[in-house]
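Chain nomenclature is as follows: A, B, C and D, assigned in order of appearance, with residue numbering initiated at 1 for each chain independently.
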Amino acid sequence: MLITMQRDCSPAVLDRTRQVLESLGCRLRAAEKGPDSALIVVSATRPPDPELVRSLKGVASVEQGTVPACRASISSRPGGTRIEVGPVTIGGGRLTVIAGPCAVEDEDRLVDIARRMKDAGVDLLRGGAYKPRTNPYDFQGLGERGLRMLAAARHETGLPVVTEAVDEASLERVEEHADVIQIGARNMHNYALLKRAGRCSRPVFLKRGFAASLDDLLQAAEYVLDAGNPRVMLCERGIRTFSDHSRFTLDLAIVPRLKRRTHLPVFVDPSHATGVRDSVVPLARAAVACGADGLMVEVHPEPERAACDGPQALDPASMPSLVRDLRELSALVARREEVAS
Amino acid sequence: MLITMQRDCSPAVLDRTRQVLESLGCRLRAAEKGPDSALIVVSATRPPDPELVRSLKGVASVEQGTVPACRASISSRPGGTRIEVGPVTIGGGRLTVIAGPCAVEDEDRLVDIARRMKDAGVDLLRGGAYKPRTNPYDFQGLGERGLRMLAAARHETGLPVVTEAVDEASLERVEEHADVIQIGARNMHNYALLKRAGRCSRPVFLKRGFAASLDDLLQAAEYVLDAGNPRVMLCERGIRTFSDHSRFTLDLAIVPRLKRRTHLPVFVDPSHATGVRDSVVPLARAAVACGADGLMVEVHPEPERAACDGPQALDPASMPSLVRDLRELSALVARREEVAS
Amino acid sequence: MLITMQRDCSPAVLDRTRQVLESLGCRLRAAEKGPDSALIVVSATRPPDPELVRSLKGVASVEQGTVPACRASISSRPGGTRIEVGPVTIGGGRLTVIAGPCAVEDEDRLVDIARRMKDAGVDLLRGGAYKPRTNPYDFQGLGERGLRMLAAARHETGLPVVTEAVDEASLERVEEHADVIQIGARNMHNYALLKRAGRCSRPVFLKRGFAASLDDLLQAAEYVLDAGNPRVMLCERGIRTFSDHSRFTLDLAIVPRLKRRTHLPVFVDPSHATGVRDSVVPLARAAVACGADGLMVEVHPEPERAACDGPQALDPASMPSLVRDLRELSALVARREEVAS
Amino acid sequence: MLITMQRDCSPAVLDRTRQVLESLGCRLRAAEKGPDSALIVVSATRPPDPELVRSLKGVASVEQGTVPACRASISSRPGGTRIEVGPVTIGGGRLTVIAGPCAVEDEDRLVDIARRMKDAGVDLLRGGAYKPRTNPYDFQGLGERGLRMLAAARHETGLPVVTEAVDEASLERVEEHADVIQIGARNMHNYALLKRAGRCSRPVFLKRGFAASLDDLLQAAEYVLDAGNPRVMLCERGIRTFSDHSRFTLDLAIVPRLKRRTHLPVFVDPSHATGVRDSVVPLARAAVACGADGLMVEVHPEPERAACDGPQALDPASMPSLVRDLRELSALVARREEVAS
């Protein structure tokens, strides 16, 4: 139930309304929906009688049923969210490129990749230290040792680091060592983890679950926002369909839809979606062309020896020209958007 | 990598092989694949040279690549697994019926439902105390208070209790108060939670993720089995497809496939799959007819006032005849199977 | 646009209304929606102003937008449709079993199969003479020669024959030689063929397209009904999804939904859906258990030598006991339904 | 079965081999696989013994099983196919833009749109005269009258015309009046229509079925190619999935996959895929960015009054700048591709 208060309602009236509602068994949350309306969101075992609520002083209107993802909604921040991570500003028009190996395997190799990414114009370094693997017998990542390698690579290059947390314990470690906390597709519905991420001081990079609708994704983001962390990025990475020419079906049409629905920056990961190296570059371009704020791609110097997902990794040597192309493309699209609006 | 040892290989040789492999950077696990073959499963950052492994004493064969879900495989227990929960034996031919409300809301009401389920011939009581909800503002369950209500209902009726855990903290509470720990569809890929459930003393009721393949489901079960808990039940509850006449598409063809692939008991939940009351009974029958070991259905005495998922809840008054029908159907199918084999 | 006329509206008024509407550029059709209401369905390049239509004499109400599948709707024939084919009544409570080879290959073999199906209690013989094949170089069926073999098999056994038409030319041949015309899943959206089938004197067996929604299927049936053929059967045969343990995902939940929405008999084909022999029997049982009016299954005496789809064909020797089981199951379900209603 | 003949095999030997195979019950077709190897493709009720075939003079090798789409394969024309339609060359690097209304409604309006498309730099005019509609009561197009309007628009502007055929009768009319014959998504599996289109003198614009795999699409093209028409274009237009933010899920990753697999030009239709106007432009850009040879988009001057699919139609006034942008984007991508190769 969404209760919109009158704009001129005094703090005392607001407080009285809260007390009455709590006495009716409601749990309350304040939410900002638009720039100047004040709301109260109610969660209760049994919702209160809407007529009764409407008759309370200061209440302007009552909407029954499920409350939308109001903090994630574009109406609550029409100008869009910009997220500062070290020297990088995410959102706001400049394309952000995140690149790095699927899994962290070795410090020297990682530092070498990070240097090459830095030189190529990449903005953030990615690398998995905790790997959620479908098979319990597959390599699960180096854990905290991997996080220290990422920190070393940042120290050497100045590139902020994005890495995945898979549970509360790893999230604490990631928060300590990394700059951005990734929640992977398999954990997009792990609401306990989302709430915990919402109490973090680090921005959250949230991947769409591979069977999640647009609304599911926004509501997952809402868990993080509602728990207090306003810095969330969304990432499309492919959904499960019958179409078997690629590992997942990259649903690029979600990018313009998300840009209309939410103020949060929208990324695309073409590496996991396709699983095939020579599709990654065309789809990276496509993502930029349809308005993505950023990209996440995987690179590996010796893909055939990678601990996981080698076949989709780009050659680090190809990154300088790719990043240049993508930025040129991004500028072209932005110019056109400006003319159109 | 799967290393099968020679059957007559001595413990000393096995031990030596382990040491050599560990010195090569491998992490090892013993696994039983069939009744009398001994295996070692290797997980390593970089897999060892298979030729080298083959040349070690005692090694019979080496399979490269991803290791299958060997503990969940039918070959490791051809007779099928039976799980004892209080007075109930799950698996082994007798149909198990689990029923109860979607969410626990009120102790008196719950005890009343439990009594009616007991009288109807239901085997276990279900009821959610921790609810994973897509929307952060929806009712999230009563938590530990709900668990105590479930324990009270068990005390009154003798019905063992199944309830969902959504994270490590709730899993500890559920382990303490309930008889069977449910891992829901949204957490089937939450490997940290699966590993923790694998260290529990309670059986685990594992629901298929709504975009999980059969192999994903077996590998999720393998996480629990490999962590030490041999008592796992699987549950089909519908997958996401374009087909919009029901909430999810119940993939009943997975039931005979699972029965050929695994020794674990297989359940079906027609309530969440369809989301529509008058489809639940036909699909419950269909599940039994294609060989499911058990069913999980939702009931609610006043569905229009339920805190969640009212439209799919069955009337408790219909349960006695439904349970009788389903058992009669189950017996008919079992007789036919016997004749056929 | 759906225009419902007043019940007591005279033929003269009805006629006048038609003329006015036609002068507005509308194409009209009469449709029976319920037992005693008269309607006019309008199809027009640009729909007429609803206010203008409402003001015409005799008009009771006007519904704008897409017209539902009103002839297929349960409301137009609440008691359900029964279709007589030779000695067989389809619909009305008795389970109909259709069986035979995927493709007709050889007359002696076909007659032999037909005799065994007859002895097993099967109601209709199936067999493809025209095969829609994904690959142009695969065996496309024997054509009219195959139809003559089917006619010979009917002559020998008395079993009515169901076979597929793939275009207008083959439909004419099929209408001449067979008893029931099958429209396959790949042609469910071939509206020209549906209209042509609607002008046939034979009943139509319409398979659901593998990406068709429930509404798409009903509207495909409506094409046949609207063209004048009231004898249509529907058949679920699996949809395309990510789930890869079977060839298609059999969407059994559509059976109870269809039974609530339409008066047309509902069949299930578990052979094409699964593509795996040992899943066919469990899913045939499941289809009966959830209320299907009939089944279509494939048999082949030497599956490994079949011209197509051998791996899913049942052994003819298993059919007598299977048919007996399915009828027993059907009777059990029908008894329960009666008690419930 | 694919039989590759020796390169130096004489016509007499080839002829003898044909006779022997035909005497074994095989139906034969010649096929060019690569630039200089000669093949024979065999279709037979029961395939001949491969050992026997291998022992025939002139036979170089024998591949059993399903024959791939060899005429559509990139290996049969590595340089790619260019199709001339009036003054336009499709394929070969220059972006082709097809635009026009969903359905032809009125001659004056159509000629006006055509003039505006011509001025905007569009290459071909689209417009439906025969509309395959899910609902039998929806507007089905103006038929031959619509074709004559398209011909008039071509006469006025010089723009070649693309329009859909839905059955053999309409295909004959379309062949007579239009420049390119469209086979729509609902007819991609209508093999009779594909064969008929293969005997046409006009190029064929073949849309992917909304549940067709990449291989299904190539094999549908193979039907047309094998029947004698070498001028086929493919078009991605969205597939059916659970993702409900757009009407279909545009599977752009198929574009780079198709470019690796086939020599046929690849188009994308973002209008039908999304069904939402403000997603069409971003996805049109994305299609160009990932390498599509062309685009098909819908325009309508008064979308709210369109006979069908108004909500997805672009404003004709926006086309000049869109076409200019897309060509600029296409040139940018082409330059990058050249540098990369």
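Details
Methods note: a contact is a pair of C-beta atoms (placed from the backbone, for glycine too) under 8 Å apart; a residue touches a chain by one contact, two chains touch by 3 or more.
All of these numbers come straight from a predicted model, not from anything done at the bench.
Interface matching across B-C, A-C or B-D places the copy of A-D, with more than half of contact pairs shared by residue number, at B-C. Centre-to-centre separation between chain B and chain D, using Cα means, comes to 47 Å.
Per-chain CA centroids place chain B at a distance of 37 Å from chain C. One finds 31 Å separating the Cα centroids of chain A and chain B.
Residues of chain C in contact with at least two other chains: 211, 239-242.
In terms of which chains touch, the assembly is arranged so that all chains touch all other chains. Against chain D, the residues of chain B that register as touching in their complex are 240-242. On the side of chain D, the complex with chain C involves touching residues 29, 41-46, 66-67, 69, 105, 132-140, 142, 166-170, 186-187, 189-193, 209-211, 215-216, 219-220, 222-223, 226, 239-240, 305, 307. Chain contact summary for the complex, chain D toward chain A: residues 211, 213-214, 239, 241-246, 249-257, 260, 273-274, 276, 278-279, 281-283, 285-291, 318, 321, 325, 328-329, 332-333, 336, 339-340.
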